[in-house]
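Dropping the structures in below, format is structure tokens.
In the two complexes below, chain A is the common chain; its partner is chain B in one and chain C in the other.
Our next item is the complex of A and B:
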């Protein structure tokens, strides 16, 4: 466990696998900004410790991964947890997160006479409004991401990923709103939320 | 009419009505084991929470149906199930029991009762109603 707390590469690699739930070495390398060979060596080390398994070419976290990451995060992120500015921004994030989930659902489903039906995306004006709302919600994460990046550069990767997804959406690639198999706005948001909770040692609420 | 074992929120209306043996998944290891068994498509997956994020690989690998014992359709898992078009009944309760999930105030016995009643049962999900998702006996 100590190695995970002191070795940034191992922490970042296992953290990424845990956030993505299932990831190939290439995906981990891109997300961590590390050479693939370094990631593969880290995956081997982590597998030897029983923290992940490789199945079908992808790494998946074992039951031991979350507790190990939680213990390592407690040692690594004492300063973040004590940062009053981060604390204040996180309180506001909870509200933004609820609005985000509602907005994402309104992208998938529309209200027709009190009944939720699948959004067939034929109403461009409606879709544009939802996208504009997502854009605003992402912008509201800015100060928190910046404050966190001051503690760990990893949090500096999220704005770039959001920007990339939004640019694709602007170009008409609307699957970058919510597709679970792309680096979509929903996926990036979800990973950030999990990363944030782990960093701060908090639990997800229902 | 077939025996309705449990009811909950229907995450999205669908004519898909998957049938399979309920498999209760408690941990990431259970999900990994199921994926590795190659028998994912034989099971309706039962998990405790809508925030049970370890279920994501099962959805991407072709899970046919999901039942949760807590959580809302607006949650991450709800969003994922709509994306994958995997029928999903959330915050299911047993029709034979008075016990209900209450946010932040649910005794573990509530979840144990549901898991005990459903795990291993052959069921079918009925997700045609716009509000209520049903777990119907199929054995």
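Our next item is the complex of A and C:
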């Protein structure tokens, strides 16, 4: 546990595995912005501590992973938690987050005479408005991500992931909006949110 | 003088290249005699000139101002003045709709004088404060690129009283907006209405080259030099008087599809009041004055007739004059889509081809999606089985075993159980469990929570925010208002109403699937689309398949024997050594178990597939390795003729037992040679059961004519054939991965799950030729049918298909669409 608190690579790797629940070294390397060899070495160390298991080429967290991460985060991120600038930006993030969730819903469902029905994506203009809104909402995360990246470079990996998802969306690959199985805008946002909460030692409310 | 601009009533609606999509639509409406607020279009040529020089082309500003004077004369309003100020909307309108283009700017033209005049005309300074703030925010955001304009201004606006001094109100709100914007971007919104207009026009031109628009054009190969038009239109006011107002109307009910106007109207209001929910609107049929209602009705039915579709119309009444602001094809529920399509054909509003095009196979699937019977739900409620009601997040009615942990949900689902996953809250780490579950329920969260978003992405029935639920993960119990359920208990949920019930419900096809959908599919069938046979396994499946519109049935010997509990017996018979008599047991099983299916089938055609030991699907079930190691001859279609004979004998006896009515054939998989077909014909000589072949590989398709010459029927397993040609295991054509990712990477030019590959289409041309010799040739589809592939097959001349029973209706629709293409 002390290793996790002091070794940044180990923390980042276990954090990513816990966020994704199941991840190959390649995926972890991309999400952490670390070389694959370093990720593999970290996975071995973490497996030896019983914090994750590697099965079929993918790492899965054990039941010990969450408490270990929570304890390590408490020690690692005292400065982030005390940072008033971050605190203020996190307050604002709550608003942006709820706008994001509403926007995501309007991507999936449209209102028809007071009833919600699945968006069949036949109205390009409507879809474009939703995407434009997502684009803006992601831009609004910028200051928070920057402030967090000032404490921990890990948060600097999120903008690139958002950008890559948005580029695919603009090319017409609309599944990168909300697919739960791709590195979609929705998935990146949620991983960021989880990561943020763990860093701050908070619980998610919904 | 170069004319860059055209008034709506001067423009030729067909000139989309110059007018853009929106401009052309407004010109068309004007030409049809529909009253839209007056306005004009700045053509795409002006944009092209701007993009070349980065300045407005010479003469454009003068022309814009001259048009303004004409608009003033036409509307009796004054730009930047009173008594009633002329306000404008400015929009982009490219010839091809694309993302990233500038949004609408409304209420353009407000300076202090106009604001004061507007307050006098409406008698409402609060409204003016709101319009000023809204305009400033829109302009700041769309023209100047401000990120979050108007934040904090809301309170200032809310504090304004209707009778406050309008000049002072304007000064206060404008100054506050400007201060906020200066903080954000250092920019300023011009106070002069004419400068606002020119600024907005330039912003539209610039938006042609935003990153998103360029990316989109690159990807879709749209030329970068088309340019966009600009639509400038007078605004009308619904809040000038009591005989003004605004509303939205659907030409038919978009939820149920019922005929008759459906919508809302709010007197003395602007459209925003309705959207903001600050005042409750009234049903349009009650609130609108009789003469206006009559005019609206007439307009709606005219528009429906002209467009052959149900429309969603935004309108404003300004001093008893009705203006149409926007007319769009109405969004609708799947139930409404089906009913509307059937109705508009019956009413002669449109052709069957157009009506069918308005419905997708996915909508048909949703309409026929099995659900609980209303009476069962009612009984459960009164019996106290309703545990709690949360928020319906994704529709669907499902029953399953309660599971409180995503890992265990995955395990139990893999074991074949229907699972309802209950969580206090879900996180991305729960995804595997959510994918495995048939239904999801959470104690916390609203309709936008993580659980709701993921459930909708997965199409899984989901209830969120069921606050009464207390999940105890350690004890594996769920408490609801003092009642305790344990993991593994049966529960049911309704993702529309948000209800969670104890116990299970039977599920059945909803009434809507047999009513309007039946009518619609009747239209499809009348188009001569072809016949569909449905796959069944048990006698109980037959009625549902016939009701869905199946003209016949297909089934398989191994499927039926496994479903009736004879798996072990079948494997034992297959493993046994010995001659013909060893297979009498197989004949007995077939005779015994097929009689009830055939009796239920009545006099329709029934296609039976023979036992297949090399099928991907049968590998584990039939202990393929053990059986084929001992009897390698079973891996070729006619390696053991006695097995085919036994199945034929069994079927003959079953037909006899069932009363002799059904027309039955036995078809053998993997036949690829005319000699095999001839040998099969010999085995079937004199039998009351026909014989046929299943084409599964390229060689068989290539030889189809010769094989067909010796067969009564020929089936092509399209998925297996595609898989063989691609060299991909056939089972991968039924799942999302690996092909989703592979196609996304651009490594396959054709997705074999949805599209017929050209190589396969070439082979099928040879198969189609076999039809001419009189053999009944059919396409066996599996999994969800693809509209595109059905259209391709129809185009190749195939009119006979077999599918899973649940896909009969979607296939009938797809065939109807193909036939009427």
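FYI, the second predicted complex is superposed on the first by the 206 of 206 C-alpha atoms of A that agree within 3 Å, B and C clash if a C-alpha of one lies under 4 Å from a C-alpha of the other, contacts with A are read in each partner's own complex, and residues count from 1 in each chain.
The rule we apply is simple: a residue touches a chain if its C-beta (ideal position, glycine included) is under 8 Å from a C-beta of that chain, and two chains touch if they have at least 3 such contacts.
These figures come from a predicted structure and were not determined experimentally.
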Dominant contact partner of chain A by residue count, chain C or chain B: C
Contacts of A:36 with chain B and chain C, given as first, second, both or neither: neither
Contacts of A:75 with chain B and chain C, given as first, second, both or neither: neither
First (chain B), second (chain C), both or neither touched by A:62: first
Partner chain(s) touched by A:53 [first = chain B, second = chain C, both, neither]: first
Partner chain(s) touched by A:135 [first = chain B, second = chain C, both, neither]: second
First (chain B), second (chain C), both or neither touched by A:124: second
Which of chain B and chain C A:191 touches, first, second, both or neither: second
Contacts of A:173 with chain B and chain C, given as first, second, both or neither: second
Touched partner set for A:110, first chain B, second chain C, both or neither: second
Touching both chain B and chain C, residues of chain A: 21-22, 101-102, 104-105, 108-109, 115-118, 178-181, 186, 190, 194, 204-206
Of all residues in chain A, those that touch chain C in their complex: 18-22, 98, 101-102, 104-105, 108-118, 120, 123-125, 128-129, 131-132, 135-136, 139-140, 167, 170-173, 178-181, 186-187, 190-191, 194, 204-206
Touching residues (chain side chain B, partner chain A) in the complex: 12-13, 27-29, 31-32, 35-36, 49-51, 53-54, 56-57, 59-60, 70-76, 78-80, 82-84, 103-104, 130
Chain A to chain B touching residues, read off their complex: 21-22, 53, 55-56, 60-63, 65-66, 101-102, 104-105, 108-109, 115-118, 178-181, 186, 190, 194, 204-206
Residue ranges of chain C in contact with chain A within the complex: 97-100, 103, 147-148, 211-212, 215-216, 219-220, 250, 253-255, 262, 328, 331-334, 336, 360, 362-363, 366, 425, 427-432, 434-435, 444-450, 452-454, 456-459, 464-465, 736, 744
